[in-house]
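So, here's a batch of structures to check.
Common to both upcoming complexes is subunit A, partnered first by subunit B, then by subunit C.
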Partner chain A sequence: MLHQLKNGSCTVQELYAQCANRVQVIKSLNAYIRVTDEVSQVQLQESTTRYLKGTTRLMEGIPIAIKDNFCTKNITTTCASKMLENFVPTYNATVVERLLDSGAILMGKTNLDEFGMGSGTTESIFGPTKNIWGSNLISKANDIDNKVSGSQSDDFFIAGGSSGGSAVAVAAGSCSVALGSDTGGSVRNPASYCGVVGFKPSYGSISRYGLIPLVNSMDVPGILARTIGDCRSVFEVIKGCDPKDSTTLQRTLNKSKTKRSSSKFDKLCVGIPKEFYCPGLSSEVIDAWKDVADLLENSGFRVIQVSLPHTSYSIACYSVLNPCEVASNMARYDGLRYGYRATGKDLNSTESLYAANRSHALNQIVRGRILAGNYFLLKENYDKYFVQALKLRRLIYDDYVKMWSTGVDILLTPVTLSDAPLFSEFTEKDSRAQSADQDYCTQPANMAGIPALSLPVRLSKRNLPLSLQLMAPHFDDETLLDVAHLLEKELNFPHPTVKVA
Partner chain B sequence: SVKIDSKTIEHLERLSLVDFANREGIRRLEEAIQFANQIHSVDTSAVKPLINVLYEEYIQSLREDCVTEGDIREEILSNATVTEEEYFFAPPGNIPLPDKD
Partner chain C sequence: MNSFCKQRRNLPFWMHITGIRAIFTKSLDLACAQEKRKNWESVVGLEVHAQIKTSSKLFSGSANKFASPANSLVSLFDCAIPGTLPVLNKKAVEAALLTALALNCNVNLVSEFDRKHYFYADMPAGYQITQQRLPLASDGYLDFAVFSSAVHKAAYKKQSKIKQLQLEQDSGKSLHEESCSGSLIDLNRAGVGLMELVFEPDLKDGEEAVACVSELIRTLEALETCDCKMEEGSLRVDANISVNKPGETFGTRTEVKNLNSLRALARSIDYEIVRQIEVLEKGGKITNETRGYDPQQKITLSMRDKEEKQDYRYMPEPNLLPLSLLQLKLDPSDFRVRIPVLPEQERTMLMEKYQLSLETAIQLVNGRNIDYFLNVMDSLPNLPVKKVCSLLLTDLLGLLHKDEKTIQECQINPRQFAKIVELVKNKKISHSASQNLLLLLYRGDLRHPEQVVEEEGWTMINDPKQLEAICKQIISENPKSVAAFRAGKAKIFKSLAAQLKKECNDKYDMGDATQTLKRLLEEKKNV
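Here is the complex of A and B:
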């Protein structure tokens, strides 16, 4: 998209008009919490002027959407929660600032599961986000019936979560790229279901300043895009050390291993971890996994089976560490300095006021995790649960370090267990049980801090996207992107044709 | 399966202040604990806890002790529902929650 703008084959106004139109067309999907018309039109003016004058910046005129847990100055940022429904940040998150400073145009803030807790974008006060795939908004491909089969007419395929709004916004072409956040898979999961690229960079490579935190030791801002090229453009702009985030490192990312030899992919080794062959994995995902492994082998990679022995414990470990950090991070929501504040006669102590604010304005999932986190952090439980989980985290982390040291450069695994489920199926299980299944393949990368990417591969029998995941050693993001780029070219995944109003 | 005693539940509620010590909240909590109990089957006797994955590479950088921002009282107060002159406003503290009968 950037190329087309810069070489003049498409103007900024044309691109903006097309995206703005798509934003309207997809209203029923509920991808956007807030469409930022006034702001985007001002930005459009500036971009137009800069193209005329030849003073364009790196992302000039590129329409973006931002998950509504990134602070945007003077634009309400809600985290899809009643607690922050009227919260207007007085500053931009660093990644937002960098994008806007490079000329990006903000189309809007996108929907998410409340405070990022969920894997469906079904737990928002603004209602669920619907996947564009399987909806009546895309033209039917071939003769395959795209209708939702055997279910109620108001059922739909989920977008995945928690960055579902961003994934749908990108898939629908209402923006070129979007930001999401990934703590246990929240960028890769919706990317998988919506057939777009979902990239979670190395922990420590991107500033979290202004990203309303969920789990400080695992959160990473992530990028959703239709192509690896677009994904890269955003990464270039937003990555890098930030003095305002002390968990960003002052180091450059490792050079891509693919530049090592003239035959780009010779002697790079792809690992297939056997423990990712997990319960509930659909036969279509298994087939896609095999086929892409073969494709890599035929492209010159060495493909071998590897083992990451503690994989099956990762989700249980996460089920302790996540609520513990959540209990701490959610303690700030007392309603005094910002956020929802209850009114009433019995609220005459801070404790009763806080309890009222938090019970009225935080959903059951958030409150459940706060309770669980505080349970695991109780004196009598601290060693048994919290410290034990931290030790298990080191074992999981060490699995990866040991495996990379045997000469493996990239891992290929499933990302979600199947194509997108129907909302009616998805909501049969409660959120915690659902996340336990859905996050199986994604959250180990957050545990280990390594870069991971969801890449759309092909369509399923139901005409829904099937995706796979690539992972690389910590700070080998460039290698990861290069390998993903190669696959993208070979796979040629079909983007949806959106019915224009 | 996991069962939590009422004393612990009361204590948790005081720590969490989310008013979720009802049947649904307790059920969820017990399930979460049941699920988490899997971690006990792993032998971690010789293992050090991993607090942050940057540990190996991390050098805490320090900055000069100079004031670089501030003087933004209005902005800081702007999101508070209740303020009094230049103050955030809170009811009295150290009053415990009433006992649930």
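Here is the complex of A and C:
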């Protein structure tokens, strides 16, 4: 998009108008919690002026959407929770600040599972986000069957989560790029179901300051885009050390591997980890996986099978570490300084006020994890659960270190087990079971802190996106993007065209 | 200014002179308590929270200032706004490192931060960032002297081991105003850096605890790493107390929290020891509980809301990297050389160089009298150190104390003071004349000491004959007393000596004078 703006084939106003129109068209999908047209109008003015004056910045005029768990100054940031329904931050998250400073135009804040706890964008106080695929909003010119193949008419394909709003916003073209956050797959999972690029950079490469945390040690701000080019532009703008986040690093990326032409890929080795061939993996995904592996081999990559023996423990490990950090992080939501405040005559002690605030304003999944986390952290349980989980995490991390050390440069795996499920199918399972299915392939990258990317590959029989995942060693994000870029060109995934209002 | 000095100002003069024992408990029936305590041993361990003297807080850029308008020093992080992250204040680490080295601790080159969870209205995040598992420093010790004014006890040296020194956040403050229905919360203090010092249970009573904390205060003040204003809460003490029969293991302990004066520290510990003994002697049991000290009633009370067993659900703080001194480019050896001369070293120096007693050394070091003393000693050669100490510690400090002043505010400069002592040493003036001279100069007389002596006619008469004449006059004027003395009533000498002193009018050496009188009385007696 940036390229088109800069070479003049499309003006800022045209692009903005197109996106603003699509924001309206896709309203029924519930991708946005809040559309920020007052803000975006001002930003549009400035961008227009800058294009006239020739003083454009890196992201000048690019329409963006931000998941509603990134703090935006003077713009309500809800985390899709009753707790923060009226929370207006007085500051911008570092990533938001960097995007706005480089000229991006904020279209709105997008829907998510409450506090990011979910994998369908079905657990929001604002209602679920619906996938644009399979909806009746796609123009027929695309030759895509847009009928919901489910039984009930009010059923729909889920967007995936928890960054489902951002994924749908990008898939529908209501913005060029969007920010999500990825703790166990929350960027890659909806990207996979919505047919967009979903990039979780290396832990430590992007500031978390202003991202309302889920699991601090795994959260990474992620990028959703239609193209690897757009994704890379955003990454260039938002990456890098931030004094406000002590866990960010200023690392010079591996220059020797960057900026390679396709002819140089023949030196690279692609690993196919056998543990990702897991129960429940659909035959369509398996076929896509095989085909893309062949494609890479034919493009000059060396493709080998590798083993990451502790992969299947990742979910169990996550189901301890996640609640522990959640229990801790959520302790601040007591309703005293901000957030939901219960009223009632019976609230005659600090404890009863806390209890009322928290039980009224946090959903059952959130409360369940708080309870579990506090249980795991009890003195008598700490070694049994938390320490064990940390050990497991180390084993998973070590799997990757060992595997990379054998000369593997990139991994190719599934990202979700199938194309997008129907809402009715998805909600049959409880939150833990959902997570076990949805996060199986994405979770390990968060444990290891490595960069991972979901790339749309082709359409399933149901005309829904099928995607695959690429992973690279820690801080080798550039190689990951290079390989993804090459595949993108080869695969030529059909992006949908949204009907005009 | 030393908070210890401030507290002493309101005490009778003798208490000031005799030191810390002075601020001791009166609420207990001491005699009875002492009797009870004979059959028991008491064990006291301290936990001290010292606010680190840095311009900003431990993990945020807000200023660290006492008595600012409520909630005026609160950053987004301090009130736990979602999405904010802690950033470690390097200056706080430097201060804690210097303190750890001064307290003879082993410094951990890599330490870690943990979250300690509990819900409290003035704890915005629902957890405190602390260093539970791997603190900045451990295994140190503090040497100090216990100076008891109790007649039968001499001063003695003592050591308390330090288990660990950890960095942590302070909480905010809850104010329970009666005028409004709820509580008010001030977060100015929330997030201020604390050094928590955990001492081993090495002490036995309130007196030792006060001596230990006083020494810690002097040390931190010398290091300039803490204000140590207990009344403002910049240094707070928790005391763990238990009693046991000799030869038995430690008893169940109770914890008295948030003691914000040395007086409260002493009283609460001694109260608690006696309370525990009474409970046990009546066949009761001590429960492991947190107690608060009520300074009005001078008793400790169980804090009911904390009775429930707390589980802090510690977890590593995921938003901070391990604290690596090397990464922060902090080399402990650079800090070791920055440690100033500490009170314990000063006392040792005074005792070795000037042959002072431990008691005198303590008095000189406490209240920072030592600098004045050393200046005096350096002003003139060969001054009699005993005379310097008595004139300084008894006379000068006495005058200062009446005016609620410290030695640092004294108008007599050390050179003038040295001159007075030299006049005594050279038998130019008598001891009592030196006291008068001191008073005059103290009150602002600008004349040179020698000039005062001359103009006031205080020059000492060193003529044995004149002295003998005065003594004879006393003997002749008091025939009854003289007779009584000669009959064996030795006590009567005191009244004769008093008359002699009056007659001498500060112009004679009183030692010589009384000896002369005694000699004359004895001479006749033997005849």
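Criterion: the second predicted complex is superposed on the first by the 487 of 501 C-alpha atoms of A that agree within 3 Å, B and C clash if a C-alpha of one lies under 4 Å from a C-alpha of the other, contacts with A are read in each partner's own complex, and residues count from 1 in each chain.
Here is the rule we use: a residue touches a chain if its C-beta (ideal position, glycine included) is under 8 Å from a C-beta of that chain, and two chains touch if they have at least 3 such contacts.
From a predicted model like this one, the values you see are computed outputs, not experimental measurements.
In the superposition on chain A, A:L336 makes contact with both subunit B and subunit C.
Touch criterion met: A:L211 reaches subunit C, while subunit B stays clear of it.
The partner that reaches more residues of subunit A, of the two candidates subunit B and subunit C, is B.
By the touch criterion defined above, A:A420 reaches neither subunit B nor subunit C. Looking at the shared chain after the overlay, A:R251 reaches subunit B, while subunit C stays out of its contact range. Touch criterion met: A:Y382 reaches subunit C, while subunit B stays clear of it.
When both complexes are overlaid on chain A, the residue A:A327 reaches subunit B and subunit C alike.
Of the two partner chains placed around the shared chain by superposition, neither subunit B nor subunit C is touched by A:I66. By the touch criterion stated above, A:I238 is placed in contact with neither subunit B nor subunit C. When the two complexes are overlaid on their common chain A, residue A:I75 makes contact with neither subunit B nor subunit C.
Of the residues of subunit A, those at positions 87, 90, 217, 243, 246-247, 327, 336-338, 350-351, 354, 374, 378 touch subunit B in one of the two structures and subunit C in the other.
For subunit A in complex with subunit C, the residues that touch the partner chain are 70-71, 77, 79, 84, 87, 89-91, 93, 208-213, 215-217, 243-247, 324-325, 327-328, 330-332, 334, 336-338, 350-351, 354, 374, 377-379, 382, 386.
Touching subunit B in their complex are the following residues of subunit A: 86-88, 90, 203-204, 217, 243, 246-247, 249-251, 310, 313, 316-317, 319-320, 323, 327, 335-341, 347-356, 358-359, 362, 364, 367-368, 370-372, 374-376, 378, 384-385, 387-395, 397, 430, 432-433, 436, 448-449, 474.
Residues 4, 8, 11-21, 24-25, 28-29, 31-33, 35-36, 38-40, 42, 44, 47-54, 57-61, 63, 72, 75-76, 78-82, 88-98 of subunit B are the ones touching subunit A in the complex. Listing the residues of subunit C that touch subunit A in their complex gives 76, 79-88, 115, 117, 119, 121, 124-127, 183, 185, 311, 313-315, 318-321.
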